[in-house]
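Chain IDs A, B and C follow the sequence of writing; residue 1 opens each chain.
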Amino acid sequence: MNKSPWIFLGVLFALSLSWWGMVFGPASQANAAKADLGDGTSLHPRSGLAQQGEQIYRENGCYYCHTRMATGGTFGYEIQITQLGADKDLTREIIGEEYAGNKIFEKAYAFQAVAAAQEAATAEGADVEATKATLEQAKAYANAIETEDALIALGISGVTIEGDLAGELGLPIEMSEADKSSVADATFAVSEGIEQWDEIKDRVRALKDRAGAQFKLLPVADNWPDVEYWGARRQSVTRDFLYDVHAMPGVMRVGPDLSNVGARQLDLNALYAKIYNSQAGGQSSHMPPYKYLFNVRSAKEGEELPANAVTVSTGDGVKQSVEPDFVVTPTHKARALAAYLQSLRNDKGLPEAPLPAVREISNPKEGE
Amino acid sequence: MEEKHSNLNLKEHGEPAAGNSQMPVSIMVVLTLLGYIGCYKVDELNANFAANVHAPFGSPAEVASLAPSEAELIFGKGKQIYANCQGCHQPNGGGTPGQIPPLVNSSWVKGDPKLAAAIVLNGLQGPIAVNGTPYNGAMTAVGAAWSDEEIAAVLTYIRQSWNGEELVTAEQVAEARTMIKDSGHLGTWNKASLDAAGFATPE
Amino acid sequence: MSEEETHNAPLAPEAKPEEINASCRGPVLFLFFSAALWAVQATGVGLLGSLKMHVPGFLADFSHLTYGRLQANAWVAFLYGFAGNAGMGLTLWMLSRLRGMPLAKPGFVLAGAFLWNSGVTAAMVGITMGDQPGVAGYELPAYASRVLLIGQAFIAFSAIITYFSRRHQQLYPSSWFLIAALVAFPWIVGTAHWLLVETPVRGAAQIPVAHWTVTSLQQIWLGCMGLAAILYFIPKITGRELYSRQWAAFGFWMLLILGGWVNLNSGSPLPVWSIKLSQYASALFIFVLIAIGWNLRQTAKGVPLLGSSDLTLQCMGFALGAWLITALFTFGNFYSDWNGLLQFTYAGTAMRQFFAWGFFAMAMFGAVYYVAPRLFSGEVDWACSGTYKWIFRLTAIGAVVILLAGLGMSYGHGHALQDGSAEVMKKALMPMRIAFLGEILFFLSSLIFLGSMACLLFRNCCGECSPMALIRKCRAAEAEGGAE
């Protein structure tokens, strides 16, 4: 530690460690991120007013009070079978008695048995007696089960039952379009919505590899404040900022999180009113008014408000100017900022961030 | 009364020196131990430095499990490409009675996918019969510039949506291309030329 | 030199302290006085900004005074204006003293300081016009960072020449920290300037770069300069030697390695691995805390720091305490649940303010109290060191208020965010209202600092012609006349 060159080199080396890990590594990963979403669509940059609006957002330092990052909470999975595997005992073993004992499950396998019997009956050297026995067994299940459940059972069994046989088995002979789509979209949940990945991953693998069942894995928000209360639909990920000229994720939530504000603020006039004066219409807010983003001129006597004037509704639904006795119209900057805000959405699932199902989506508790 | 620090410099001690008290070895042991445990924990939780694993997911396997299957992706892509077809064949595949044949339950779509692939590649004109109804229109070679995967995707979409058939692979489309080349046929098909090239058309 | 000789004896400088002080006089006083001006500006603008948070309509019609721009301006004025000037002035003086050589190339320092201040001014003007680059905690437009880098290069050049003017000498730990700060600044600001402002990488990649910049500027640049001051003044004033070179080295290297990783919010839109590595680094930060804390505790064992009669020692003691508390907070960030609770509340900003004022500014105030009078020739003192004591008291109280408000009250805000409570706005504003009092105290303290510096300069400038020298001559003449 006495040789000065060692200290210089040492400092450079020590800094390079954090530079490598926190600058070079993540930045090159992010640079390599693709816009393609894998299902034929891709992310695309903002254009026009929305792109210009990003500049207005930056210029006014909006990121000091608003964040643009929705955080992840906890969620669980729901395994939904869409088609049972052929091996009944194996599948029952994998999904557990709790679900395997369900009537729908039993019926679905009954339908599979019926279809197998039918095929056997039309084959060479058919055993008519065995076919009849199977049919009787299947009919035995066709009692005291709701049509809806029967349609689900048919859907997940993966077989087609025609005409008269359908009637004998308790299915509608002439299926309506609605019934047909019930069968097509049938799913049968074999897990609680709050099971963690580590708890179910073995089951998932077994279902897929050994039982040959087809299933959907549905994420369900368990404790996810941003999704349940604050208007986001999922967490913000790196690719949400892919095309931003300046990523401004924010530091503090004095105001609401804006990662999905575009899906909430659909009324452009209300958005302008909020930006103009967040306390307009009697709302309580500490957001400073941005009146300089608007053209304000005094209203003439008895003048009718122009179409693009910013208005608020009074209690009886009458529209009046947001600033009484003045006509307020947005400037280009305000329109750009509003366009940018309306472009902020995270209600589209990405492969790395699917939209979780939320049991009860509550509106954000805070006034938007 | 003002505090006077007169003769400041004399009151000053010399420049500080650093003593030589040894750091206990135990602190390095603890650091190594905690460092190791930390590395272990990070290894467990870092999802192998995967770029696509964001909190609250914990592993690439978990993210992959939610990803749509190959079949779903092809279906989705085919749906996108079908936008080029829906102008004539309608979004529900019904076509226009008397003018554009339907794609729903169509004998021309079911069965060997190479027939449909050949039609998409080169177009079709002249009198044909679809499900017993005669049609006499002209279809341009919409898929002339599409890749094998794209044609396979849109055919998969059409077959799976309205014909109850399984998916079409890019290899099958490539086979169709080879058959076209071998037949030496150029330009739009008609029923006869399709049969001549080896694509069996339904009656 | 044998181990024993270097062990206990103070280093015998080649140049006398007076000579070194004299060589530093112009440049370092210029830097200190600039720092005082910037401190007032930073706190004033910060106050104005905070006022707008509580009275939203106040001066809201001017786009140049909008809250977002004032926040950026306040931080730029503090970080680059005050901290940069004070830190670099102290760096030059300490390096000269520790090397035992007069400051080399003072002209370069003055040129660099002038460029530096121009750069900070350009940044503030640019931000007022709307040019802020959108990186909270860095906030330098391209033209400003270019000028700052050149200015710092000039000053670093002088420091390096001074440094290399004498070899074969055992380095005191403060020198390592100062060198690290001098080397780190161009790297950090250069990275940010190049990757975020000049030729910005795509948006997604900017997030980790921005975080590294902000955290390194705080932990490494400010941290190293402040710790250098603490490690120098506590042994020097108490007359003891620093407890252990080994502990200092351990803490130094750990700080440099970990400083750029820590404090990443667990909700950041980065892949899981970045967040886990940052938490790992935060967990290891406890060793930096132990190293610095233990070393200085053993050094100052038996000597009351905060209760000392020496103001510099009081300031350094408080600064050390503040640094340890922030290091503890950094350590706490390894725990996801705790970090997740506080990440979007005022807690982060409060800790940053506490670090800035409670640690760094306090260390600088203590150092300037010691250094500035010694730069003048002859008997020089502060006009009223009683007044200067108020700088310490006000800054200390303000820092404690912000710490308690920010950390204590932000739990309410954090819980409201987690529970979806309708009172989230009210709970968000509570800590900021209390912290506003702290900011007022900082403003007052900066004003007193500026006044003290101005007074010191005015009374003692121009050598023999200074007002104080003339007063002394008059008094001496009177005394002589009276004796006759």
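Here, a contact is a pair of C-beta atoms (placed from the backbone, for glycine too) under 8 Å apart; a residue touches a chain by one contact, two chains touch by 3 or more.
Note that the structure is predicted; figures quoted are calculated from it, not measured.
Colleague: By the contact definition above, name the pair with the higher C-beta contact count: A-B or B-C.
Modeller: B-C
Colleague: Can you figure out the chain closest to the middle, judged by Cα centres?
Modeller: Per-chain C-alpha centroids compared to the overall one single out A.
Colleague: Need the CA-centroid distance for the pair subunit A / subunit C, whole Å please.
Modeller: 45
Colleague: Between subunit A and subunit B, what is the gap in Å from one C-alpha centre to the other?
Modeller: 19
Colleague: Distance between subunit B and subunit C based on Cα centroids, please, to the nearest Å.
Modeller: Chain centroid spacing, subunit B to subunit C, equals 52 Å.
Colleague: Which residues does subunit B have that touch at least 2 chains other than itself?
Modeller: 49, 51-55, 57-58
Colleague: By the touch rule stated above, which residues of subunit C touch at least two different other chains?
Modeller: Where subunit C meets two or more other chains at a single residue, that happens at 170, 245, 266-267, 269-271, 277.
Colleague: Among the residues of subunit A, which are close enough to touch at least two other chains?
Modeller: Correct list: 25, 29-30, 33, 71-72, 235, 237-238.
Colleague: Of all residues in subunit B, which touch subunit C in the complex?
Modeller: Contact set of subunit B toward subunit C: 2-9, 12-23, 27, 31, 34-35, 38-39, 41-42, 45-55, 57-58.
Colleague: For the complex, which residues does subunit A have touching subunit B?
Modeller: 25, 29-30, 32-33, 38-41, 71-75, 197-198, 201, 204, 217, 219, 235, 237-238, 351-354
Colleague: Under the touch definition given earlier, write down the residues of subunit A that touch subunit C in their complex.
Modeller: Interface residues on the subunit A side: 1-2, 4, 7-8, 10-12, 14-15, 17-19, 21-23, 25-31, 33, 58-65, 67, 69, 71-72, 225, 228-230, 235-254, 257, 278-279, 284-293, 362, 364-366.
Colleague: For subunit B, which residues count as touching subunit A in their complex?
Modeller: On the subunit B side, the touching residues are 49, 51-59, 61-63, 65-68, 72-73, 76-77, 79-81, 153.
Colleague: For a test of understanding, state which residues of subunit C touch subunit A in their complex under the given definition.
Modeller: 52-54, 56-57, 60-63, 66-69, 71-72, 130-137, 163-164, 169-171, 176, 179-180, 183-184, 187, 191, 195-196, 200-212, 216, 220, 245, 249, 253, 256-261, 266-271, 274, 277-278, 281, 340, 343-346, 348-349, 417-422, 424-425, 428-429, 432
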